[in-house]
Amino acid sequence: MEYKIIMPQLTDTMESGKIVRWLKGKGDFVEEGEPVVEVETDKAVMEVPSFKSGVLVNILAEEGEEIPVGTEIAVIETEPEKAKVEKREEKPVEKEEKGVKKVEKESEEIKVEVEEVKKIELPEGTASPAAKKTAADLGIDIKKYQEKGILPTPAHEKDVRELYYSHFFDKKALEVIKTYNLSLEEVVKSLKKEKITKKDVENYIVENNIPQIVPVSDIQKRAIENLKKSLEIPVYHIYEEIKTGNLPEIEGITLTTWLIKILGDTMQNHYRTRARIEGDVYKVYPNSNVCVAVAIDEELFMPVVKNVNRKNLRQIAEDLKTLKDKASNRKLTVDDLSGSTFSISNLGMFNILSFDAIIPPGRVGIMAVGVEVKGKTKVTFSFDHRIINGREAALFVDDFKKKFTDKKYIQKLQKEAK
Amino acid sequence: MLYREALNKALDEMMEKDESVVILGEDVGFYGGNYKVTEGLYAKYGGKRVIDTPIAENSIVGTAIGMAIGGLRPVAEIMTVNFSLLAMDQIVNQLAKIRYMSGGKITLPVVVRMPQGVAKQLAAQHSQSLERIFASVPGLRVFVASDATTAYYGLKFAVSIDDPVIFLEHELLYHEKMEIEEEKNFSPYRARIKKEGDGITIVSYLKMFHDTMKAVPTVEKELGVSCEVIDLCSINPLDVSTIANSVKKTKHLVVVTEEPKTGAYADEIIYRVIEDTFYELDAPPLKICGEDVPTPYNRKLELMSIPTPEKIATEIIKWGKKHGI
Amino acid sequence: MNKSYAEQFYYLMKLGRVFELRAKEEYMKGNIGGFLHLAIGEEAVHVGAVLGFGKGDIFVHYREHVYALARGMEPKNVMAELFGKVTGVSKGKGGSMHLYDPKFNFYGGNAIVGAHLPHAVGTAYARKYLGDTTGVLAAFGDGATNSGNFFEAINLAATWKVPVLFLCENNYYAIGTRIDRASPFTDLYIKAKEYMPVKQVDGMDVFAVFEAVREAKEYIETEGKPYFIEALTYRYEPHSMSDTGDYRSPRELKIAKERDPIEHLKRVGIERGLLTEEYINFVDNKVEQIVEEAVRFALESPEPGEEELYNDVFCEVCTDVIS
């Protein structure tokens, strides 16, 4: 029986082996387990045994040849009487070709079968994947709009959506949308119209009762904070009427100017109206500093006219004008807004008969002035009870009121103002 | 209740229910556990079920494997994840592979519990987060417990299943006060949406989950969008669909983990989610991790080496502004 | 010693030898891949230990074909495992180094030197805890006695007082490093003698191994404590198929082979009237047939299906997984 010796796999990584030396020649008898040939593997030179006893009848590979694992390299006849030693030259050539070819073939490029897949089409341009996907869905050419500067680079999904939906609106409609901070997409989906005008948007706003978003300015935020502090003040009111009809008309001198001056002079005789409470102490200031509520557009300022006791009506009027200008131009400084102990708020010019006002923090009190009716004007004083009690306040108000009927005093003020 | 008490309760209930449940590890018995997780169990169940071992991490896991083969359900405690490196052969070569190599003939219901992460000034050899290593080994379930609820239900679940589970806790959570929220049909395989939102999806677990929750109000205020915060109970398997569905809604993904950034498990989360959501993303995902340094001893440097609520908020806000949120 | 044991020894040792020689041939043909570690020359230890140990759990190393066959695993299923076929004992997923079958209390087949020693200790603990006093056998080579696994395991077994029989097969070589280059002494039982009773036996004599293991088994089960046996043996083949084995001289090999365990068994068996020429001839023919049949079975068996790739990673009822 023929037993074929093959190029063995001798290591876990071996793919082919090189015939180093035949240890047996043709016609030799080989014992089971006896080495027949030396083979060089990827790791070492190893001996290859025969697993059967018999006569080596044919050698199919030359020394030095590289043979793939599994290829026949020799034939053993296990029944020696049948042994017929073949000529060596015949087969090796064929084997060589076969062997070499096989090695080369295996190193050729690999073949794979891939099933059909649909390509994902996306527009050109620099944008997030989400933006591109949305642009593809909505038919927006990102690159084109980026070249025109209409879309930012990189573009995000929000940008693409806004651009797409903005096409539904005319220019004026877009302005309204912006003012009301509306979602373009929502408006389009709600109105279901190809071309949306300003009128459409305004109707949409009314229909849906959409508020306009007006930001709270930093100044207003501070005012709100101050008003909250005012609530901590224990307050009481004194209601009076003063004879403003007696005051002479002087060009450039308003009723407010008169009130500031007379209030400031009165404060000189009542030290508590020039005081401030700070922890355990009262700080009493020598001068009468009066602040006046000034409304510019929708904002409220409380600039301070300083040293009223040492100024005449003209000087006060000038101070007032400067402060109002600064307020209009938002140029008031911290200094312009601080240092007063008493305030005046005049709503007389709006035909208000009478009202009371909230004491700004840090002030002793505030005087709320209504409209002059038949030479008389209603005033409401608010006082901080921590600084001044009812009796003191009553004396102060009475003193103030009397000054309007003090002809000598009024004439003096009039004279100084010229 | 403390986080560690939730773990103790889980162990106690499982031991009460099933006599084949045993605990083994260094100091777990007579001493009561170095983090007191096994406190009281030695007195209640005795040294045969709460087994003190020598300092031999490899054999703690190795004998646990043998116990499982012999019919028990061992819960091995490795004092900290840092020492698990001594048991890596048993965990990676044995625990994870024997079932597969035996063609399914052998099951190993073993839980290996251990805390990880940066605590306070324990220096480089006691401050690691190694979830990436365990999560990358096929054949291991890897659970993480961020709070008392997942600690309690997660550990009970881990003990009850027949698969090997690496159960990761965090050193700084042990003494945190929290309550177990009742959950029906708890499964660690489902990620928990702990806060809903529609602007940014933030994924985290263990201590970083708590730090993320602290950072979220500031992020929401600064960026003007709401955050959806997802807490993971398992990192292998990873509940990709819950995260991906959230990202499809928010279009933004942030992952926060404590481990050093190179080769972080965070990368795996991000990649797996991107596979599903690439065309839904409106910004590249943001990964917030620890620095690539051995954890320093000095407290200031230590805090610099890991994410903190402030760093998480700052990074998300910066990223959000850059990418048009 | 009765006749039946001697006959079993001869059958199993001869089966092991023929099986492994054939495996070597099939490896060279490329039918078996990876690493193939042959135990030719060590059969007396493997067969003697399995039969001497009898009932109980067995944990062995990666040179374990003869252990598995002696334990009762079907040669065709073991051969199919070597061929990587689905009919293999581990469905073709373990290979030569990972033969498992809980039916035979046979737990591998471990390819990390010494890693199975703590497993044996743990299993012994579990059996004891569950009220079963049967011992556990852990077999390992000389190389393993230098590893941490070994020292951790003997320390634990002695501390916990569990019935583990540590069987060290000292074949003098850890791959190509001779024992005296890796250990301060070559009598390896010295390493365990402070922990447990120890014994050294001639591993080329199956009778000696059998008796020593049987006595040790009785000790561990009655005392509930571990025991250590060192069996001196020799592997004829290189460490694995990829190893040239040229670190050993032909003379050394020749001397070892003169003490061939199968030849020794034949001679002593006939001398003592435990074996007959007739029985030996019968077995020689029989195992050739069995191995031939095993190879045919392995060749004809299908490969694992693609679905097998993900099977058995986790237990099925535990995979309630969303991903």
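Which chain is which? They are A, B and C, in the order written, and residues in each are numbered from 1.
Here, a contact is a pair of C-beta atoms (placed from the backbone, for glycine too) under 8 Å apart; a residue touches a chain by one contact, two chains touch by 3 or more.
Predicted, not measured: the structure shown is a model, and the values here were computed from it.
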Graph class of chain-chain contacts, one of line, ring, star, complete, other: complete
Middle chain, criterion being Cα centroid separation: B
Computed distance of Cα centres, subunit C from subunit B, in Å: 40
Centroid spacing, where centroids are CA-atom means, of subunit A and subunit C in whole angstrom: 69
Distance between chain centroids, defined by C-alpha means - subunit A, subunit B (Å): 32
Per-residue multi-chain contacts in subunit C, two or more chains: none
Overlap residues in subunit A, where contacts from two or more other chains coincide: none
Interfacial residue positions of subunit C with respect to subunit B in the complex: 57, 59, 88-94, 98, 100-102, 107-112, 115, 117-127, 129-130, 148-149, 152-153, 155-156, 159-160, 311-315, 317-318, 320-323
Residue ranges of subunit B in contact with subunit C within the complex: 20, 22, 48-49, 51, 53-54, 56, 58-59, 61-72, 74, 89-90, 93-94, 98-107, 138-139, 141, 161-163, 187, 189-190, 237-242
Residue ranges of subunit A touching subunit C (in the complex, touch as defined): 6, 8-13, 43-46, 48, 51, 69-70
Parts of subunit B lying in touch with subunit A, wherever the complex brings them together: 251, 278-283, 323-324
List of subunit C residues in touch with subunit A within their complex: 21, 25, 27-30, 33-35, 240-242, 244, 246
